[in-house]
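Report on one structure; see the data block that follows.
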Amino acid sequence: MIIGNVVGNVWATRKNDSLIGLKLMIVRRLDVCRGEETESFVAVDLVGAGIGERVLVTTGSAARQSPELSNTLVDAAIIGIIDEVEVQAEM
Amino acid sequence: MIIGNVVGNVWATRKNDSLIGLKLMIVRRLDVCRGEETESFVAVDLVGAGIGERVLVTTGSAARQSPELSNTLVDAAIIGIIDEVEVQAEM
Amino acid sequence: MIIGNVVGNVWATRKNDSLIGLKLMIVRRLDVCRGEETESFVAVDLVGAGIGERVLVTTGSAARQSPELSNTLVDAAIIGIIDEVEVQAEM
Amino acid sequence: MIIGNVVGNVWATRKNDSLIGLKLMIVRRLDVCRGEETESFVAVDLVGAGIGERVLVTTGSAARQSPELSNTLVDAAIIGIIDEVEVQAEM
Amino acid sequence: MIIGNVVGNVWATRKNDSLIGLKLMIVRRLDVCRGEETESFVAVDLVGAGIGERVLVTTGSAARQSPELSNTLVDAAIIGIIDEVEVQAEM
């Protein structure tokens, strides 16, 4: 899974039927070891995430293991709101 | 999912039968946070996208969840036309 | 899917049985927007491609949707010979 | 599979039900040939790994082949604690 | 599929049961067009490969199409020993 920051929303009126009713958010990947943000992508929110929150994202067929997404064309989902990350100092 | 700009078309007369009748478009990935375009690839259009439109693309086995593509050799599909992207300023 | 140029062949006498009889070709990925060739990889040819041809390649489980490859250990296949690519000028 | 060092833990109170009871760890990928650490990501621990240990990680649908993870939204799992890596000198 | 050089072995006593009895090798990816070695990773050997040999590797769910690996947590397998690679000069 990937850690990321939710940075925005996406709206699409014309879209595949399987996406109707899903909340599409823009997530920017965060490397917690290097403390740097890298590429951004779009994920469906499954946990009520808001902009500015740090989240856990799953990608690929894993996203469709959720009953809400099982027959959709979704390849990424926000599956947790991160409370805390603890990283050891350089070992 | 990925955000991209539709930048072109691809034609192939000799191809796998499962691709017959599908519209193949060239999409260039766009990172909306950094405002930069990165690599390009080919996706099948499922929503009537045109050149110059900003689209949402799904990749991998997700693309084949669509009934039109279920038994094809397709690994990427355009699944929405993006109306608006709202990204928060640096947080 | 990916656009690439077929640049070579690979021969392997000792191999997994599921690969017997398949033609393995080296494809070098081409980014048609930036006009640059990037990494190379090996794909099974499904359309009679030859060295020097520009082709369409599918990756991952999509390749095994083809009846010829359904029970093989293949993760990439050449599925079309590209006649023409039309890319719009910078938009 | 990937070799990595376990460098931390992640806590998320609000999360998808399929993650309840799973231990989420931060792993930093290690390239044993170049001796450099690269990107970090989150994996579910299946073998009792601790911070500071070198581990083997599987990604994608492979992680869900484990009975404990078969219906979860997990896309990466720690599947071994590495005792020893033997790499030949430059050949 | 990927071409790589087998450069080492990995030992793990504590590991997921599905890995018992499998030979884990370190493979370093080779780009035959650019003549450069890139990242390394771990793959299960299915063809009796030895250190120093050039091999063909499949990744993702393709690896589990092999009967020996069908219910394992494996995401990469060595599926051929390469006898010869023929790459055309710059075209």
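For this structure, a couple of remarks:
Letters are used for the chains, namely A, B, C, D and E, taken in the order the chains are written, and counting of residues starts over at 1 for each.
Quick note on the criterion: a residue touches a chain if its C-beta (ideal position, glycine included) is under 8 Å from a C-beta of that chain, and two chains touch if they have at least 3 such contacts.
Quick caveat: nothing in here was measured; it's all calculated off a predicted structure.
The chains in contact with chain B as well as with chain C do not exist; no chain meets both.
Excluding chain C while holding all other chains in their positions yields a single touching group, one piece. Rounded to a multiple of 5, the Cα-based rotation taking chain C onto chain E is 70 degrees.
Of all residue numbers that take part in the contact between chain D and chain E, under half occur on both sides, making this a different-residue interface.
Centroids of chain A and chain D (each the mean of its C-alpha atoms) stand 19 Å apart.
The centroid of the Cα atoms in chain B and the matching centroid in chain D are 31 Å apart. Residues of chain D found to touch two or more other chains are 60-61, 63. Under the stated contact rule, the graph of chain-to-chain touches is a ring, a single cycle where every chain has exactly two partners.
In ring order, beginning at chain A and turning toward chain B, the chains are A, B, C, E, D.
Within the complex formed with chain C, the chain B residues making contact are 5, 7-16, 18-19, 24, 26, 28, 37, 39-43, 51-52, 60-61, 63-64, 71-76. Those residues of chain C that touch chain B in the shared complex are 1-3, 31-34, 38, 46-48, 56, 58-63, 65-66, 77, 79-88, 91.
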